[in-house]
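First chain A sits with chain B, and in the next complex the same chain sits with chain C.
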Partner chain A sequence: MHRLLIAAFALVFALNAQGKTLNIVTTTADLASITREVTGDRATVTSIARGFQDPHFVEPKPSFLLLLRKADLLIVVGRELEIGWLPALLDQSRNATIRPGGPGYLDASSGADILDRPTGPVNRSMGDIHALGNPHYWLDPANAVRIAIQVQKRVSVLQPENAAFYNSRLESFKQRINEANKRWTAMLAPYRGTKIVTYHNSWPNFVKRFGLNVVGFVEPKPGVPPSPSHLLALTNLMKREKVKVILVEPYFDLKTPQAIAQRSGAKVLTMQPSVGGTPDVTDYFKLFDKNISKLVAALR
Partner chain B sequence: MDVLGFLLVPFLAGLILTGIHAYLGVHVVERGVIFVDLSLAQIAALGTTVAFLAGHDLHSETTYFWSLGFTIVGAAIFAFTRVHHETRIPQEAIIGIVYAVSAAAAILAMSKAPEGTEHLKDMLVGNILTVSWKEVLTTAVLYAVVGIFHYVFRRQFLAISVNPEQAQRNGLNVKWWDFLFYTSFGFVVTSSVTIAGVLLVFSYLIVPSVASMLFTDSIGKRLAFGWILGAVVSALGILASFQLDLPTGATIVCTFGVVLLFLAIVRLLKPRRVAVGG
Partner chain C sequence: MHSFQRDPADHRVSLTLFAVMFFFVVSPLYADQAGSQSNVSQQEQIRKLEKQLDELEATAVNIRRTLEALKEPNEPGMQPAPETIAEDLTRVEALEPSPTPTPGLAAAAPSPTPDQPTDAIDIVDNSAVPSVSKVFNPDISVIGNFIGKAGEANPFEERSPAALDEVEVALEAFVDPYAKAKFFLSITQEGAEVEEGFINFITLPWELNARVGKMKATFGKVNTLHPHSLPWVDVPLVVSEYLGDEGLIDAGVSVSRLIPIGGNFLLEGTAEIFAGDVEGVFERQQPNDLFYLGHLKLFRDITDNSNIELGGSLARGTAAEAGGARELSGADITYRWKPLERSIYRSFISRTEVFVHGGDAFEEEAGGFYSSADYQFARRWLAGLRLDHVQHLDDPSVSDRGASLTLTFRPSEFSSLRTGFRRTSYAGDVDVNELLFQVLFSIGAHGAHTF
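Let's turn to the complex of A and B:
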């Protein structure tokens, strides 16, 4: 009886999905951009968080509930990035399909290369630790491909009739990312091993991919102002290691980084971690184009 | 139909908040301790942070009792610092100091926590849009209990709020009743803040009481006026938030502001008649 019900449910679901465009909701604009690469015009893809918002903190709005209510598929960054705001929205949206474990829920991190997974006891010297690993993994082009593969698999299950179409779009995306990645790697090749400091630990995947070396963080804990001794140690470290650049996300206050930069002779560089952070960054490729050219200009 | 379903739960939450806070607001305004709710909520938050630091889960019962324990300590502080004749230190000063110190202590505690602190801040702040049926029901029961308690002892509570000197002369133990008042008040505020956030709870507490004082002096009429106002503003604010797609809590707070301004203008244009006799 139970199995029969599931079979019937799956059939109804497949029939419903057939022929109509999928409603896909993503939590961040980066996931939306990557998903659009796969689905093209056969799905409506909407992002909840805007690119200029800190995805840890999103103020729930009524339209998010309606979006989630109508969604066939919800794609999340996962790794507890959205833990502060998404669970309550999901509860209220009353859409069983897109709940964790449902056919319409996809955790994009499931196939990605995740860094900073704590092994053994967690302690203060390790900086900001996410128990499930660092959630800023989308800032590595190789992970973008891994995310796209997950998306392609899932939308092909939801719309089997479009599977070939989605597959060819995925192949095209892989090819373009590979080409772009060669270009980006070449641009940053002269700066391999360069030491930098970042505000929040948002860039481990990015620096690993492009061979940069993060030697310290401005704010050891989000929401906790750095202590004078931390600032002093960081300034001295930056002088000693000749760090030229402090990377800051646009939603953090620039005052503290600027004070450190002044004392250590470094430059503060604002790099956006997400698509849509500024109006000209409309997709994943433009995000890297812009960030990398800014970074090269600052390091030169 | 969908929209209506989403509207209903926040609106019910708004009604429940109105029910208890418009009442407590009368006391708070009478006592002149306007910011006591922020202060108590911050003490409760400090309790949660300390529990989290001690290794308890944020949503566990242990954590809840830690936060309740801190709230009771706060209530005791406020009950015993109410009047200080020798130094004339105003109670608002104590409330402000407790707020600042407990907020700073929470920051210190967070800086020592090994993980997950970036979510902690968010979890202490509720959002009325995403409140669940279960929360609404448990809160309704909880506030009903507090409401009944206050109804049974309404004479004592009113006496210590409106005229503590007189109450003392009549043989009431003012410090004890103050402690009971602040404990039940802190209990309510702590739950409300996790549902609706600090700004909204403050508005539900103060605005109905202040608005009603524009038109009447009688405690009973002020209560009735406050309840109606809270219900109307909840409905208007939630509708506006859906129509304009704005964050719901902040929209209700601004609606409170706009309605209060409107009532103040009405009051200016139509001065009430001075009560005869009395």
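Let's turn to the complex of A and C:
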């Protein structure tokens, strides 16, 4: 019934939208990059969050309303990543199309492989835990394909006249990401099972894909800054497990990781979880190219 | 003879044995009979087994395929570990969406097509997960606001040394596809009251957004915020003295619209009509003595890291005890800075609000303002400064002044500990130095705040 309604809405909407360029807004730059792979120049794709900012803490600035009020499609990471800021924007957007359940709302996580889903009861003593699973799922190229498939399905409903175009672009993306993934897998193949520490639990899908082993986090619990006792325990653990690298997202302070690194003899490596983290990382492929070559250089 | 007499205990044993044997012999017969009676369930079993067989076949094919793939690069000298073979991503399919992302929308049972044989219809498990019944419950949160005070007695603002100043209970949910409802219940030492309760129509045409109910009037900035969102323990003097102890809250209608003016400016206009009863501010004399309000907000990003917001407000209602109209006008300016890459560690916000009070019931106009600056200097620490100045309504030549410093520690998004030193000079002759402490703590799901 729900799907039928979406299709009906979308049909009416599609008739209205025929011939015009789709206006797509994504919450993160990664979703924007993957979406562009599918839509090419037949849509304008804009991201709300920048690649170098923490996507959990985006300010719901009124200027984002300028983007949302005219959007035909809003693509979100989901899994409550945007819960602190997107609902407030949506309520003020005056755009019913892009509300959850509307034809212009796509939760990219709905077809993706989601890890760290809590199996028992959750509460806030566990920190900023995501009750619906880890939202950093885009860092697995297989999930990028899954996101692209969802995007292709939705934009083809919104613009049926472009369906063949979108489909061929999706196929091309699949081929290219498959080739790239072979390359990335080969680059990291010698380091399978290598133990690493990360600041936040941003990399479960990435490490699962490439066979790395996260043995600890700088944050004692998600979103909770480290205490001295946690840092001591982590330093000891890193010495014991011979951990060589601490991965840090660009929006976290390097001071603490550097102090741990010094005491444990490890290296601090800033890895970008998102496209646009630095100006040269302009798309999803470059994100992995850069991260993996930095990681290989650090592990070597 | 005696030896042929059976012990009654033996008799019981044999009877029991007989009963057990009877049960074992007869029950399968019954089962068989029951089976033959129910052709449908047998067919169903067959179908299930067939299905299992199909699945097994598919698994076998998959295993064979993986095996082939593993064998392929098995040339001498080129034998990578099996797990280093990259998955073929061209074959990746989107996974079946799990039911969690859209609560409230349970997957519909597949309806049979007309030509589908009835014995092929699967039994649908419609038993709901226990928590599913709760998906329509509103988001509920409770925020405790504990305030402590030390220092000199303040005759104009009495506070006990320690008090749970307010408990706010917030409930929020969609009413239907067109509207959301929000309720804020405020429980204080005076009792419980509905601070706000309104329906918000969020899917109106012409880019309108409307609220109907009891709500905070869109007058300036501080008046629209709940106490737990303020960067201070108290409210500025100009707010408490001009807008009443509780602030401008009344029952009525609010309609707002985004006005496109281009140039990356965002202009929002708001018009509101209220019943005209705000304690200490407006009081109806005639049935039509309503309270009207207009508000304009202009926002623009200066850079990615900074933005500016300007606001103008006008409110007019009846001040019954003064026998005429009371007019309030306000202007506010807010500058915000937050470096995106360091957004969780550093931010700065400066705000000034100026209010002017007048109307035909008052001989002279009076005015006041506050100016504040708050700087976040670490992930969990903020320091702030505020200056207050307000002219007395009955005699604008007399004014109250205040200066306060605050230091806030936020262990998480859900709690904060704050201390503030406040020096207030009332009418130039009563000086009060106070030290205020505040602990804010929230539980439950609290809706995201607007900017």
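We take it that the second predicted complex is superposed on the first by the 276 of 300 C-alpha atoms of A that agree within 3 Å, B and C clash if a C-alpha of one lies under 4 Å from a C-alpha of the other, contacts with A are read in each partner's own complex, and residues count from 1 in each chain.
Here, a residue touches a chain if its C-beta (ideal position, glycine included) is under 8 Å from a C-beta of that chain, and two chains touch if they have at least 3 such contacts.
No experiment lies behind these values; they were computed from the predicted model shown.
J.: So, A:E59: does it touch chain B (first), chain C (second), both, or neither?
T.: both
J.: Touching A:D107, do we find chain B (first), chain C (second), both, or neither?
T.: The answer is second: A:D107 touches chain C but not chain B.
J.: A:K242 contacts which: chain B (first), chain C (second), both, neither?
T.: Neither partner.
J.: Which partner, chain B or chain C, touches the larger number of chain A residues?
T.: C
J.: Which partner does A:L132 reach: the first (chain B), the second (chain C), both, or neither?
T.: second
J.: If you stack the two complexes on chain A, which partner ends up touching A:K20: first (chain B), second (chain C), both, or neither?
T.: Neither: A:K20 stays clear of chain B and chain C.
J.: Let me check the overlay on chain A: which residues of chain A are in contact with chain B and also with chain C?
T.: 57, 59-63, 65-66, 69, 83-85, 88, 91-92, 94, 124, 128, 223-225
J.: Give every residue of chain A touching chain B within the complex, in rising order.
T.: It is residues 56-57, 59-63, 65-66, 69, 80, 83-85, 88-89, 91-92, 94, 118, 122-124, 128-131, 220-225, 227 of chain A that touch chain B.
J.: In the complex, go through chain B and note every residue touching chain A.
T.: It comes out as residues 2-3, 5-6, 9, 107, 110-119, 121-123, 127, 129-132, 241-242, 245-248, 250.
J.: Would you tell me which residues of chain C are touching chain A in their complex?
T.: Touch list, chain C to chain A: 80-81, 83-90, 92-98, 100-102, 105, 108, 177, 180, 200, 202-204, 207-209, 258, 264, 266, 268, 297, 299-301, 304, 307, 309, 336, 338, 340-345, 379-380, 412-414, 443, 447-451.
J.: With touch defined as at the start, can you tell me which chain A residues reach chain C in the complex?
T.: Contacts found on chain A: 1-2, 50, 52-54, 57, 59-63, 65-66, 69, 78-79, 83-88, 90-92, 94, 96, 99-101, 107, 109-114, 124, 128, 132, 141-142, 145-146, 149-150, 153, 171, 174-175, 177-178, 181-182, 184-186, 189, 192, 211, 223-225, 250-253.
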